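Labels for the chains are A, B, C and D, by order of writing; each one numbers its residues from 1.
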Amino acid sequence: MRWMDTLVQEAEAWLPAPVMTYFRQGAGAGLSAAEAEAHWDALRLLPHVLRDVSDVSTRTAVLGTSVDTPVLVAPTTLQRQAHEEGEAAMVRGAADAGSLVCVSSNAGTPFGALAGSGPWWVQAYVLRDRQLTLEMLGRARQAGARAVVLTADTPVVGEKYGNGPSVWETVPDDHLMANVAWRGVEDTQLEKAADLTPATIDWLRTATGLPVVVKGVLRADDARECVAAGASAVWVSNHGGRQLDGAVATARALRPVADALAGTGAELYVDGGIRTGRHALVALALGATAVFVGRPTLWALAVDGAAGVTRLLTELTAELAHAMALAGAPDVASVTRDLVHDASPTRHRS
Amino acid sequence: MRWMDTLVQEAEAWLPAPVMTYFRQGAGAGLSAAEAEAHWDALRLLPHVLRDVSDVSTRTAVLGTSVDTPVLVAPTTLQRQAHEEGEAAMVRGAADAGSLVCVSSNAGTPFGALAGSGPWWVQAYVLRDRQLTLEMLGRARQAGARAVVLTADTPVVGEKYGNGPSVWETVPDDHLMANVAWRGVEDTQLEKAADLTPATIDWLRTATGLPVVVKGVLRADDARECVAAGASAVWVSNHGGRQLDGAVATARALRPVADALAGTGAELYVDGGIRTGRHALVALALGATAVFVGRPTLWALAVDGAAGVTRLLTELTAELAHAMALAGAPDVASVTRDLVHDASPTRHRS
Amino acid sequence: MRWMDTLVQEAEAWLPAPVMTYFRQGAGAGLSAAEAEAHWDALRLLPHVLRDVSDVSTRTAVLGTSVDTPVLVAPTTLQRQAHEEGEAAMVRGAADAGSLVCVSSNAGTPFGALAGSGPWWVQAYVLRDRQLTLEMLGRARQAGARAVVLTADTPVVGEKYGNGPSVWETVPDDHLMANVAWRGVEDTQLEKAADLTPATIDWLRTATGLPVVVKGVLRADDARECVAAGASAVWVSNHGGRQLDGAVATARALRPVADALAGTGAELYVDGGIRTGRHALVALALGATAVFVGRPTLWALAVDGAAGVTRLLTELTAELAHAMALAGAPDVASVTRDLVHDASPTRHRS
Amino acid sequence: MRWMDTLVQEAEAWLPAPVMTYFRQGAGAGLSAAEAEAHWDALRLLPHVLRDVSDVSTRTAVLGTSVDTPVLVAPTTLQRQAHEEGEAAMVRGAADAGSLVCVSSNAGTPFGALAGSGPWWVQAYVLRDRQLTLEMLGRARQAGARAVVLTADTPVVGEKYGNGPSVWETVPDDHLMANVAWRGVEDTQLEKAADLTPATIDWLRTATGLPVVVKGVLRADDARECVAAGASAVWVSNHGGRQLDGAVATARALRPVADALAGTGAELYVDGGIRTGRHALVALALGATAVFVGRPTLWALAVDGAAGVTRLLTELTAELAHAMALAGAPDVASVTRDLVHDASPTRHRS
C-alpha cells in the first residue's frame, strides 16, 4: 500500500465521520473530484538520461518568498476539526518543511496566532459585505500574510450530496471564521459575493497593498484577463471538484493556461489531485511555478499535527527530488515541458 | 445517492414491472440507450470566473412561447400507466415549473382535457391513414397545441427485447390513443407511415397552421434539409435509444447539427440522457435552444403526479441556474460553445 | 437476453465440449477473436430520416449470383460434428433463406451431395500437393461450386491453446476432408502450402475456370495486388482470430481496403464478429458487397440443422432490413459510407 | 492458460516470497511496470498474405555477433536466488537457444565462470568509485564479454514499496556483486554515480575497448546524443518500470527513437513487457534490431535452470517465427514498419 493511502486510513480513524465526509466530498455527481488524480497519472514522462544529477535542488521562490520546495499547502477549512491547533500547526509544520501555507479566510484560528510561525498567504472569499472582508484581510496583513489569494470560482457554493449528518451541525462556533466579525451581522452579508469582476483584483491589491493571486482559473482567456487586471499570479484549480462538477481536470487545464501566461511574468500555481512527487514533477513540467496540496494536509494534520504536516511535505518533496533525479533534471528550472509525453499538442482525451 | 437515482428507485416501487421495463428499455442490444448519459458526462466544462452572476436567469422562449426554463418535457407514451391523470398532470405540473410539454399523439388523455392547463405541443406519428392523423392533429390544435413535432425516426418501430410479460398485454384500452379514432379501423392503417419525406413537413404545416418541429434528426445534412423544407426547428434525438440501436449519442450529434443550422433562424432542441442541470448546460453551450427530458418525467409523474413533475423540473432548473452561476453565465444567451472543453473540433471519440 | 446469446447457449448444450471449444477458440492469447464484435459495436450510425422506406429490399448479387440477402455463410470445418448432415444441411438451409454458402475444402460431406441444393462456393486451402488440391477443386466444380475462395492467411495453422482434450482426438475419419484423396498420402503433402504468391490466383482461375476470391486480406496494398493478379473479389478476414493473433479487427481494416478497391470492379466481402443486422449494415456502409457469418451458423446447425440455419439467416436479414429502414436506406445501394459516424478519416482508435 | 502464465506460477512455487516480490515489483505506484505488456498488446498487426514463407528465418546479428534469434536476455540481478548456478546457467541456456545474455554488473557469479559458455555482454552500473567499476569491466572483458551496456537510467535507485520482509535481509553475501571488490570499501563508493554524462560513453569505450550500448533511453534527442557521443547502440528501456514510475511505455517510445536513429548505423534494442513472439514481431517492425526479455528468464531459470532458459527462448523464437510466417515476413529484414496498424503517425494514446 502506498504511504498516501495509509495516511488517509489513519486520518479516517481519527476524524469524526461527518468531517471526513465533508473533506472528501465533491460537488454534484462528484465527477471532477473523482478524476483529478487519474489525470496526473495518465500523463507519461520522457526522462532524460546522462545528465549530472548528483546535486538535486527543489528550491524555488513564490512571489518573492524563497521556499525549499514547490510543494505548498492549499487553503482548506475546518482545520481545527482536524487538529486542535488548526492553522497554527499547519503553518508551523509547513515552515519546518521549508514550505508555505495559504490560510483560508474561514480559518478557525485568529490570524494573529500565525504571526512569525512561518510564511503564509491569506485566501479571500469576498463577502457581500465588502467592509467585513477588508477588515479580515487587514488582520491577515497585520499578522504577516504576504499575498492575497482571491477565490474566483465561488460566486455560489457548490452543492454537495451526502448521507449522514452534515458537518455544519456539529462544528462549534469557535472553529468558524475566527477572523470575520460575523456576530450580529445579517446572514446575507456573510454570503459570498456573486458580482466579482476582474476589477476586484485591483481593488484587493490597492486595499491590502499585497500581491493578488487569482485562484480557480481554468481557461486561458480568463488567465490573461486576470494578469491584465493586475494579478501577480494565476492558480489553476477546480476547487478540488467542490464547485462546478464536470469542470475540466487541472492536469488538462494547466498547459493552455501556461501557454497563455508565457512572457507575462505572472506566476502560475495548480492544485487538484496532486498526491505524489511525480504528479508535482508533471505539473512543474507543464508550466507551474509551484503546486498546492489540499486534502492530504488535512489528513496529516489530523494524524500528527504540525509534525504530521512536516512529514507529509518532506516526503512529497523527497519524492519530487527523486523523480527529478530520475528525469535528469537537477533543479526546478530544468523541469521543462518536453519531459511530458505528448505534451506539445494542447488536445487531450475527452 | 443522487436525487435522480432516488427518484428512479421510488418510481420502480410504484410502477408495474412490465411498465417499468417498457419505459427503461432500448432497442436491439441497448447500446444507444445505455450510453446516452455517459456522453454528456464525458464533456468537460471550462467555466469563466469573475463574471457578475448575482442575478442568474434561465428564462428563454421556444417558438414564441416564453418559458422560465429551457428544461422541457419530451413526449412519452403510457403516461396514464404512470399516473391516473396522465398527460393532464404532466402539462399542469410542467406549467407550474414554467416549463412546457410535448404531448404524444398516442396519449391516453383526450387533448381537450389539456386545454388551458399550460403550454403544450403535440407530437405526431404520421399514420398510414393520413386522414386519421389530420383529425388527431385537429383535436390537438383545438385544445391549444402550439406546435407539431413530427417524429421522423420511426418509419418502423424499433425492436425491443425483454424478459417477462409485455406491457401491451396489460394496458387497458382507454390508456391508448385517446385522440385517434381507431375503433373499427384496420390495423395496417394505424401503422406508422414509412413513406415520409421532407415534403411531409410542409404538408403538416399547411394542414395544421402550426409551426413544425422535426424530431429524430442526427445529421447535419438532414437538419438543413428539414429547415429548407419548412421546419421551424430541429430536434436532435435518437428516440431514447429506442429506434435504431447504435445511433450516435445526441451529445455527439448536437454540435454538427448546430453548426449546420447557424444563421438559419431555426431553433434546435435535444433530448437523450439529460439527467442533471450540468447536462442541460452542456447542451445549451453546444447550441441547443432548449432540452427535453423524457424518462425522468415518467418517474416523477409516477411518484407524485403533477407535483412530482413540478419538483423534477424545478430541481433540474435550479441545478442549471447553479451551474450557470458557477460557469460565469448569468443568462441563456451567455452559455456559449467555449464553455465546453475540446468543443471546437467536430471529432469525438469513436 | 439477445437471441444470439440464447442460440450460443443452446448450441453449447448440444455440442461435445471439445468441439464447442474448438469452434470458439482463437489463436494465441485470443486478442483478435475476443475483440471482433466490439469493433462493429463501437461504430456509431448516423441514420437518415424522412426517406421513403415503405419498401425495403436486401436483395443483391455476388459474383453474378442473385441472393435475397447479403448475409452469407462463411466456411467452417467439422460441420458434421455440429449436425449429422453437415454441409448438406448448411447449403440447403442457406438456400431456403435466399443466401449462399462458402463450403470448406476440409468438408466432411462429399461435394457431390451438395449438387442442386443451393448456391455455394468452395473454399480452397492449397496443399503442398497441388494435384490433390486441383482434384478436390475439380470435384467442387463438378458439384456446382460457382467460385473458388482462396484462403490466403494460412501458410501455417495458428496456434490455439486450450484446456481439456483436443477435438482432433475424437473426430471420426469420415468427418474429415471427404473431398481430398488423403488416404495413403504422406502427411507433409497434406500440409498447407506456405509458398503461395499472387500468381496462385491466376493458377487457380485457369485451372478451375471459376472466379477467384482471396480470403484473409487485411491491407489495402495486398487487396490491390490481388485484384491486379486476377482476383474477382477480396474478402477481409482475420480468420475469426484463429490465425495471426493481434491482427487488426476486420471492422477497422474494411474501410481502407474498400478505398483501395474503389473503381476496380472487384467485389469486397468481410467476416469476423458480425452478429446482428446492425453489424451487417455497418459493413455494407463501409464498402462491403456482402458479409459472411461463421460461428453462428455452426450454432444454428447444431441446434436445428438446415431449419436452424434458415432461421438464423432469416432473422439476421430481418434485422438488417429493419436497420436499413431506420437508417433511411431502402436498398443495398443506398447503404453508403456517410451512415457511419466518424467514417471519413481512416484513423481509428489503437 | 497461456504457457507464460503457467511459467510464472511454477516460478512462484519455487522462489522465496521476498525474491518473487522483488523480481515482480515496480517503482512508486507501479504504473509503468503494470502497463508495459498491455502497450504491446494494443498495437494491432496488418499481416501480408500470399508471400512465400516456406522458409522462415529468425537469424540476425547484434554488434557483429550472429544469433539464431533476436530474442535476447536482459540483465537481472539475484540470479543465484533463482537458481544455484545463476548467471552461468543463464548464459549456457541462452547459448543453447542461439541467443545471448547481457549479464548484470551485480552478478553473483564470477565472470570467469562464464568464459566459453556462450556469447554475453556485460551490463555496467558506473559506481562512484570509477576504479572499482573499471576493474569489474576488466574482469568481464577478460572472461569474454563482447560489449558494455551502460545503464543510464539509474543515477539513484527507484523507490519500491512492498509488504513483507525485504529481499536484502535474506540474500547471502556470495550472491551479491561477485565481480566488484567491495569488501572494505566505503558504502558511498559503491553507490551508483549520479554525475554521468554523454562523455561517459567514450570513457567506457576507450577504457574497455568494447562497443558501448546505452540502456534506458526513452527519448529521440537522448538517443541521437548517445550515438553522437560514441554509442554503438541504444536500448529503449524504462528498467522494467523499476526506475522513474510513469515513464512512457517502451512500446510507445520505440518508434520515435527508431526514427531518430535512422541512417546512423546504430543498432536499437528494446525491453519491457515482451512476453510473446507477437510482441517481438511488433518491436522488430517498429525498428528494433533485437528485443530483450527480463523477468521471464528469471522464472525459467528458477523452474529448470539452463534447460528452462533454453526452452523459454526457443519457445518465444518459435512464436516469433510463427508470427512472421503469418505476417508474410520470411526473415527479419522483411519485418517492416507497415506491419503495425496506425504506426505511421508518431502520436499514441495518452
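The rule we apply is simple: contacts are C-beta pairs under 8 Å (C-beta built on N, C-alpha and C of every residue); 3 or more make two chains touch, one makes a residue touch a chain.
Everything quoted here is computed from the prediction, not taken from an experiment.
Chemist: Please identify each chain that touches chain A as well as chain B.
Modeler: Correct list: empty, since no chain touches both.
Chemist: What's the farthest chain from chain D if centres are computed as the mean of the Cα atoms?
Modeler: Farthest chain from chain D, going by C-alpha centroids: B.
Chemist: Shared numbers divided by all numbers used: is that above or below half for chain C and chain D, i.e. same or different?
Modeler: Mostly different residues: under half of the interface numbers shared.
Chemist: In whole angstrom, what separates the CA-based centres of chain A and chain C?
Modeler: Those two chain centres are 60 Å apart.
Chemist: So what's the Cα centroid distance for chain B and chain C, whole Å?
Modeler: 42
Chemist: Among all residues of chain A, which ones touch two or more of the remaining chains?
Modeler: Chain A, residues with two or more chain partners: 348-349.
Chemist: Once the touch criterion is applied, which pairs of chains come out as touching?
Modeler: Contact pairs between chains: A-B, A-D, B-C, C-D.
Chemist: Across the complex, what residues on chain B touch chain C?
Modeler: Result: residues 28-29, 31, 152-153, 155-156, 158-159, 161, 163, 193-198, 200-201, 214, 216-219, 222, 225-226, 243-249, 252-253, 347-350 of chain B touch chain C.
Chemist: For a test of understanding, state which residues of chain B touch chain A in their complex under the given definition.
Modeler: 1-3, 41-54, 276, 278, 282, 319, 322-323, 325-328, 341-342, 345, 348-349
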